[in-house]
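Multiple structures are listed underneath, in structure tokens.
Paired with chain B in one complex and with chain C in the other, chain A is shared by the two complexes that follow.
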Partner chain A sequence: METLTFEYRATRTIHQRSHVGVVGSGDLEVLLEPSSNGQAQITIRTGSEGFGDAWKAVLDRFFLVNDIAAKVTINDFGATPGVVNLRLAQALEVSQDVPHHQR
Partner chain B sequence: MEFHPHDLLKLKGEEDLICDSPLQDWVKESLSRAPFVVVRRAPLMKKLVPVGVRGESRSERFAAFIPYDKILETITPEQLVEKTSWEQNERFHFIDALQSLPHVSKTLSRFSENWGPTGSVGFELASNVYTAKPTSDLDLVVRTPSLLPMELAVDLKTQISKVKVRVDVQLETPNGAIALDEYSNGKSPVLLRTENGPQLVKIQEIWNT
Partner chain C sequence: MSPITKDSFIELNARERVKAVLDEGTFQELLGPFDGLESPHLPPQGIVPQSDDGVVIGRGQIDGEEAVVISIEGSFQGGGIGEVSGAKIAGSLELALRDNKKGIKTLPVMLFDTGGVRLQEANYGLLAISEIMAAVIALRQHVPVVGVIPGNVGCFGGMSITAALFSHLIMTKGARFGLNGPEVIEQEAGIEEFDSSDRPLIWGTIGGTQRYSTGFVDELVDDDVTEIRKVIHQAFLGKGKEINKTEQVDFYHHFLSQIDPSKPIDSQTIRELWKQARNADIPKQVDIHSLPELDMPNSRGRAWFKSLSGIADPKGDIPSVLYGDSILGKEHVRYISVVPNPYNRFPRARQGEVGLDEGWAIAKCVRDAVEKDKNGDPRAIVAIVDVPSQAYGYREELLGIHFALAAAVDAYSTARLAGHPVISLIVGNAISGAFLAHGYQSNRILALNDDGVNVHAMSKQSAARITRRSIRDLEEATRKVPAMAYDVTSYSLLGALYELIDGIEADTPGEQDIQTIKNKLTDAIADTRSDPPDLSNRLLTKEAINGGRTASIKTRKLLEQQWNSIHMIYSS
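This part shows the complex of A and B:
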């Protein structure tokens, strides 16, 4: 088990806490919580060790485009970068409270 | 020839794999221990099947291709159930994930005829090489060619949660695979794993053609 942390400057806020994803092979859980310190602070717990660079690449890109002030907690179960990116986007959408998928 | 993600293919050895990057040492060791590869969820290339090599740890996964004519044997997750292969496994009493299979089998037979173990347990049952760990989850694939009604999904999740290991069920739909845990939650969207990568789909559109 490895814990990774990343930080990005942020200007935008999110409206509410969100929790998406599942505990299961090749997937991950993402918890987004609003934060007021002008940063995105990401903590990742993963069972797949040695992928720090891959995480950095996915997160750099995501938080450059989405500069949200939030505490982000990720429990990873060996998700691919594609799955990570989708789950982050999903968590962001839920946190902005536009559940149009359910309309 | 037809291949599905999670099928296990037996090969002669590392020399039969086609890959973009050089084989790492662990890949060679792994194949000499158990000459089996797992079919990956990726488009079939002409006469080449996308496969993955498993290593001992979760971070050891290697993507490659195998030509049709180098495949010695195909073992599907369903075949492991037909043979009730866990009954012959010598580690049945040491590995909870193996031990839970009789119960899981009884439960699942009410929901689908086509299911089977994947992951480390499936690999061990197919190869007879120690792969599962005492802490291993039980990964299963359940074929759901048509819509699985939500009440059934919730019932299945409840029943399957009664065993003492964590059971991770992937529902294999004609469009790709979804996690039972996520589907039975009832929330939209859900993550669908397709051969062209993962995507989020509306829950009511999972089985749409």
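This part shows the complex of A and C:
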């Protein structure tokens, strides 16, 4: 297992926290939480070691387009870059829904 | 309805399944992904954890009634039960029990998708499952406990024994339900016993249609959200539900007596036999045509049974389950021990394994004690534990060994709830499903501190194969996680033992050894008399509090806080 961290400057906010995906073969889970420090802080735990550059490429592109201030936690079980991008987009979409007053 | 318009239930993840079962808009998650309760045991082994540890607890309503739906995520670690996920399940069933007892009706539903114990957390999983079972049996007295086995993983291992205890079981055709997975049987018993690549054989043994046709599940459903919702609702309407399968000891005893294990059997024959047995009267006296008995080998289980009970020539209804009564100080005690019978009619249960006949025989002699004492003082029941494993075999799966083991679990737990002090004395191996069936439902567990005493979820060879590690990697991992170790000293750190007893000659006990153990048993029996009849004392021991069960305790505590605050929302 390897832990990777990334940080990006951010200007936009998100409405609510969101959670998508499972830590199953070829998949990952993404936890997105609003943050007030003007940064996107990403922590990744992955079972596939040595793919730091690939993660950087996917995240650079995603957070360039979506400069959200958020704490992002990723638990990965060998997802491909395409799946990572898809899950991030899903998590973002859910987090931008109008907040409802459920827990 | 045309098949095209069906919404697949199987394709939903654990959380989506809970939402699908609950009335729309009522889902509230307890201990969700942001509550930070992941497994503390996986990262030290280099395994990425999941934020909810693979179990979703949802409160909400079913047809307007309060409900709790527990859903296991099969895609995460095969739905294996670890310390946190196990505590989430046990804790929510315990809270449902508390509320139902108080008159707050809460309907419990479990959506199974699990391979059983998470082998990376081994003894934590086994311990949690024993607590889940205890809660199910107690809860069942107040409200039907409904289980669904949708697939993809199905329901295996200790959780298959758990499912067998449910009031009502629903299964799809695409799901599988058995004690030992096909790969494990092949590993333990050889490819001649079970070929794990033979799919038609697997489905004909443990698939939904076969299980329904032989009465092990109550409903067979299509993979459709609407249908599954409907069948769950109906299950709670409880239209004259018969007694639980695991309580039907005489019927299953009779059914199994119709089987000749020396002859080949197949799925179709068993369906016919089951139907015939179902429609026939159960005879008063059932004889199992056993092979002739010759000299029985000595074993720790036999030696300790003889020493403690004082019965020189022990006999049971079957040669592999010894039981007998004797006096210990002021206590009447029934001793029960599972021992090797090299002539066992089921070849896969000749080394002292708990097999089909053994599970039902244990159930019978425990229930006999409960019945005899129902108007008097409940005698103590002492399980002498020396069991290498459950029986691994094709016949065992086909004939529902998980139900046989569950019958033993049910009987011990029923005895405990009826006020019998139930004590386990581990003198040898206490492994996996065999230990769950014989020993893990006790108020107190005592163990000899001896190299020959091992407590675990699976043999090293099988555990290595299933978790895709070498035996060396596995042994390395046990150094980081005491719950994965096999020795009893590591096990004692988890706090489930009432006492670890030093200095006893385990193989051939002398007079002094026997007296020491008798004194310890007397103390343990007296100690249970002031207790509630559940297993909560395991979380209150010094070892449990000082690190052995940290996550189990923390999970339950936080769960209770969140559960109680939901009630405040509803009642305000």
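We take it that the second predicted complex is superposed on the first by the 97 of 103 C-alpha atoms of A that agree within 3 Å, B and C clash if a C-alpha of one lies under 4 Å from a C-alpha of the other, contacts with A are read in each partner's own complex, and residues count from 1 in each chain.
Definition applied: a residue touches a chain if its C-beta (ideal position, glycine included) is under 8 Å from a C-beta of that chain, and two chains touch if they have at least 3 such contacts.
None of the values given here were measured: they were computed from a predicted structure.
When both complexes are superposed on chain A, chain B and chain C clash. By the touch criterion defined above, A:R87 lies against chain B but remains apart from chain C after alignment on the C-alpha atoms of chain A. By the touch criterion defined above, A:D67 reaches neither chain B nor chain C.
Shared-chain residue A:H19: touches chain C; no touch with chain B.
In the superposition on chain A, A:L31 makes contact with chain C only, while chain B stays out of contact range. When both complexes are overlaid on chain A, the residue A:G47 reaches chain B and chain C alike. After superposition on chain A, the stretch of chain C whose C-alpha atoms clash with chain B is 187-195, while the remaining options among 61-69, 133-141, 187-195 or 493-501 stay clear.
Chain A residues 22-25, 27, 47, 102 lie at the interface with chain B in one structure and with chain C in the other. Only residues 21-27, 47-51, 78, 80, 82-83, 86-87, 89-90, 101-102 of chain A touch chain B when the two sit together in their complex. Against chain A, the residues of chain B that register as touching in their complex are 57-59, 61, 119, 137, 139, 166, 168, 170, 179, 181-182, 187-189, 191, 193, 197-200, 202-203. Those residues of chain A that touch chain C in the complex are listed here as 1, 17, 19, 22-25, 27, 29, 31, 33, 45-47, 73, 75-77, 102-103.
Residue ranges on chain C touching chain A, taken from their complex, read 13-14, 27-29, 32-34, 43, 46-51, 73, 75-77.
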